[in-house]
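Order of writing sets the labels: A, B, C and D. Residues in every chain begin at 1.
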Amino acid sequence: MTIVIRLQQTATDAQRSEVVERTSRTGVVPRVHTPTMVSAPGSLDAVKAALADLDQVAEVAKLSADYPQAAKAARDGGSMVKLGEALIGSEEFTVIAGPCSVETQSQLSKTARAVQQAGAHALRGGVFKPRTSPYAFQGLGRAGLDLAQVAREETGLPFVTEVVDVRDVEILAENVDMLQIGARNMQNYALLREVGATRIPVLLKRGLAATIDETLMAAEYLLDGGNSQVVLCERGIRAFESGYRFALDLTAVTVFRERTHLPVIVDPSHAAGATDRVIPLALAAAACGADGIIVESHCDPASALCDGKQALPVEDLPELMQRLRFAATAGGKRLSAPAGRPGWQHARLAV
Amino acid sequence: MTIVIRLQQTATDAQRSEVVERTSRTGVVPRVHTPTMVSAPGSLDAVKAALADLDQVAEVAKLSADYPQAAKAARDGGSMVKLGEALIGSEEFTVIAGPCSVETQSQLSKTARAVQQAGAHALRGGVFKPRTSPYAFQGLGRAGLDLAQVAREETGLPFVTEVVDVRDVEILAENVDMLQIGARNMQNYALLREVGATRIPVLLKRGLAATIDETLMAAEYLLDGGNSQVVLCERGIRAFESGYRFALDLTAVTVFRERTHLPVIVDPSHAAGATDRVIPLALAAAACGADGIIVESHCDPASALCDGKQALPVEDLPELMQRLRFAATAGGKRLSAPAGRPGWQHARLAV
Amino acid sequence: MTIVIRLQQTATDAQRSEVVERTSRTGVVPRVHTPTMVSAPGSLDAVKAALADLDQVAEVAKLSADYPQAAKAARDGGSMVKLGEALIGSEEFTVIAGPCSVETQSQLSKTARAVQQAGAHALRGGVFKPRTSPYAFQGLGRAGLDLAQVAREETGLPFVTEVVDVRDVEILAENVDMLQIGARNMQNYALLREVGATRIPVLLKRGLAATIDETLMAAEYLLDGGNSQVVLCERGIRAFESGYRFALDLTAVTVFRERTHLPVIVDPSHAAGATDRVIPLALAAAACGADGIIVESHCDPASALCDGKQALPVEDLPELMQRLRFAATAGGKRLSAPAGRPGWQHARLAV
Amino acid sequence: MTIVIRLQQTATDAQRSEVVERTSRTGVVPRVHTPTMVSAPGSLDAVKAALADLDQVAEVAKLSADYPQAAKAARDGGSMVKLGEALIGSEEFTVIAGPCSVETQSQLSKTARAVQQAGAHALRGGVFKPRTSPYAFQGLGRAGLDLAQVAREETGLPFVTEVVDVRDVEILAENVDMLQIGARNMQNYALLREVGATRIPVLLKRGLAATIDETLMAAEYLLDGGNSQVVLCERGIRAFESGYRFALDLTAVTVFRERTHLPVIVDPSHAAGATDRVIPLALAAAACGADGIIVESHCDPASALCDGKQALPVEDLPELMQRLRFAATAGGKRLSAPAGRPGWQHARLAV
């Protein structure tokens, strides 16, 4: 059983240390989560007895839920996370697009301009790539950040990239606008703790065989570290079918809505595994009420170093955006026209 | 290896019998699929030799595909299946709604009227229910058909119901408008053969762990029997998550589009397992390009004998239909206004 | 909620009819399971009130469990099912072997003799084959039964075969020793009811995506029909891995042990999908405590019309049996020497 | 496409640098794997042309396999990994046992002594615990290593522990005998690279939804770093069944045998999720030919801080070991008697 000890807001460091020490003496190892919250495995009665006479202790109780900070009950209404001009979780549907990997300045800038002109809100691009094979292209590494910096300045788009190593968190947090934790690292708790200690927006992808509650407990690691800028991302689960890469799990999106206040976006690209399936799945995500999508797009998919088969050619972005306006409307969101294209209004019923 | 023997269109019964007999003599068991098609396991050379001098033989070849009749290449454009006034597979998005089970005349008629007034195209309702437990309500059986007949006449809606026993095929085919083969019977080949011998429209649900190709081979049983009125239905696959019943597999819908000319609709209800998730998933299905949906709806979900938790109250059907207009537009279909409500136009871009 | 009404042992048919009729008047559809058991969906209070003054009613209660007759609590100790000389579920480990399909007399007889000489207990062989493709070999049908009859007489082995159509139950029940209900028909309830009405031993295979409890509820259909000769069979579940056909789920075998008194055997062949993997998986099944195995074996795998890739050559049966003696001992069973080979004793610790 | 460039054994650092630089000029990013192996994405012709006149280049070729170093073809016979006195992959079956977590000196020492007395070969125990919830006990951390050191000295058993953070690799490599990479970190490539750079034995657990080939490519990261002391571990895959934690995938063990020379052991505890299922699954693993098991055992499961429900009480270890002797014999291995118990011989046929 996990015991949660909540301290008075006025508790001093010394007072907290005393709580920790007394709790330890019951034979367990306490953990300080925030200045006013300590947890420990163990017996409720034993811990209560050990702390009985301490004024700085506000409450000693069993953990009330698996993810008390991520749970829907933790706040009124949904959270919103700011990414550049976009507010993920608001009424506006958010679109993040860009290449799987940052390859060259020309590739990234060309793609970024198309993303910006189509009216999408942010640019994605991997510089550190987690690859199944050690012989596959592993990304440009830190050198890729310089290319991204140019693209950000050229387009004004915020930049989203994946972090795969605790030792890269600091430099990435200083140079990008949102950190992505990929599906394969969703339960890399050392990484979650390190990113939770920053204050940069985080895109947490659901693991390919993670349950909804496991995903929310992974988010809880981030929240527990003090980082409240967390966006969840459904990207497909591993299934028995070999005709596609993953089964995009939109049923899970509807359940996330019931269980958490965190925004939820969808990655239609990795499930699809083929370009022609990407727009239909993106539309499905918008229609079922997701807060946005993150989609792989490339100025020249045939030459992409990674995942070119599923990259949407930038020429298809306008069609995607136009159709998304209908799907997002169905889903209860809106997708506004890009700046400078005032005629491109919100889809609505033409009665 | 499977050998396919195609006969001349002019081949007589006696000529076909000779083909069968000669093929048997190579030590295999031939199967007559249609008057001009015979198949057999075995060696191509041996069968060719056995039939070499027969004029009625047009071709002896290896089976060219796992599902030659269901494959996209088998015809130009997609198939359409007529169900009452609706044409499933056309540009119009089709909505089938109704209770899980036919329970009483009042329940069915009340629900049917709401379905009709909301502008849906057909009524569903189970009379023979395949139930996991032998102690659960198993449907009214043939008695339910009388109730259905009344509801059909009252509303003009065609009626769709499930068949679970080869011995019921005949009476159902005479009394309803479309036969559903459920997920649990998708590989009940005796039933597929029997329904394939009728000429009534069939709704073939994908098994909960059936691959895309297995589903198409099940459809091939129907087509091979001569019944070309086949509609596929994605209804969710079994996954590891316990927060919902099934993972609605819309990625598969995009792959079905690539592999078959058959129409594909989606059942959002069984995956959802909870009323609040049904509309989002129905919208997702429409947005990703499905040809229609089949959704459970009930005039009084709390009193339903089966699956009440996931039944959409009939009061919510108008909202579903209105939002579907946007989602279907995104998906490339349209959903017309119900008769008598001309103001309720097709959703379109309001530029 | 399901209500179970138990009648006095002395209840007459007329008294039972009165119970059914009164229960119907509460607005539900009762079902007679056995002469002394009736069930109905509905309200406990309403049904109790309706039957309050009837002496023939012994008890009106909520259904106590999902599978009251299959549950471990239903009897002291495990059930045993007699198959020829073997007693499945006893301390002796049972081995059923034979071809996927009955093909020719020579093939079946040759294989049967090898099976018998290796010391296995029963012969398997399909005459009606459920095949994914309508163009694949579908079995010899009833003609295969004649071949089987010869092999039974030649070897004295009991014969196990699959039933796939309700219309074949009667003839099969008269001509074979055990009916197999295959994985694809595990939830073909019409078939379960029909086989449940016979008194022939049944081998019920777990569906490839059936949960443990769903499997036990399928068994409950058989038991509820009065057929208590039920053996369960684990044969692999559908998983995401493409390197084999199915994931043999031995963890489920350990859970079946906890939940039911029915014997459980394992089919290692279909999971394996390749000959070299069959013996290791058969040994694993025996070691984990299964009551037996059913394994595909063929006198000439290369020429098999079905599943030849996974058929164990009959030459390998002696090695299988010898190694099984160790594995079964580990698993708490024993595997005796075949008749006429007294030196081939039970494996035991040589201290 | 991945291009592999192999250099002459005599190539100098400067010569390798020239290869890297010339390859880069074709527009790709080369990666140095070993002193004589460089890889790069890109065009075979372009890279060949760029390196055509360099004597230090022995071969330029497409990557011949997904995991050339882990593949069975990479060496004659199976690899063996030394762990204390045990040689994993030899004819002797290896047993690693111990608590989920190191908790106290008394708990660890008591358990270790029981493990040693039962004749097992190594002690397991977590000091850094990857936990689904941030509020669960996360292990004693480095303090746990001191307790482990005492237990090692008391029993002579080698100690196996999990590494979850790249920053802990060095200290763990200096203080323990084998590093475990857990299922959740199987595709944490930063960690794989860091552990691949050490020369300490590694136990690489298959991810809960990792395919066989993905697992082997994860192993390839370790091998590619120069660490050849790699043991694979099957520990159950995520399935749809809620009656247990994971489906132990012994079918995969048989396929690993076909595809790799690396030893494969099995963890029966995490799949089981309940004590009574552990011995049957351990026996199944041995019978199907695994090289060993790693099993959770505790001197007082009821008080365990982690996974107590699945911990085998140390009192049950002798029964496990005795039955394993039979199962391992069936599987083609042997399990010798513990030192000082010469009467406890190898199981063999008592004819």
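Throughout what follows, a contact is a pair of C-beta atoms (placed from the backbone, for glycine too) under 8 Å apart; a residue touches a chain by one contact, two chains touch by 3 or more.
All figures in this text were calculated on a predicted structure; none of them were measured in a lab.
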item: Shared interface numbering between chain B and chain A [over half = same, under half = different]; value: same
item: Chain separated most widely from chain B, comparing mean CA positions; value: D
item: Inter-centroid spacing, chain D versus chain A (mean Cα positions, whole Å); value: 31
item: Rounded Å distance between chain B and chain D, as computed from the means of their C-alpha atoms; value: 48
item: Centre distance in Å when chain C and chain D are each reduced to the mean of their C-alpha atoms; value: 38
item: Two or more partner chains touched - positions in chain C; value: 209, 238-240, 242
item: Residues of chain B touching chain A in the complex; value: 209, 211-213, 236-237, 239-244, 246-255, 258-259, 271-272, 276-277, 280-281, 283-289, 322-327, 329-331, 343-351
item: Chain D - residues contacting chain A, complex; value: 2, 4, 27-29, 31, 33, 39, 41, 63, 66-67, 104, 130-138, 140, 164-167, 184-185, 187-191, 207-209, 214, 217, 220-221, 224, 238, 305
item: Contact footprint of chain D on chain B as seen in their complex; value: 238-240, 242
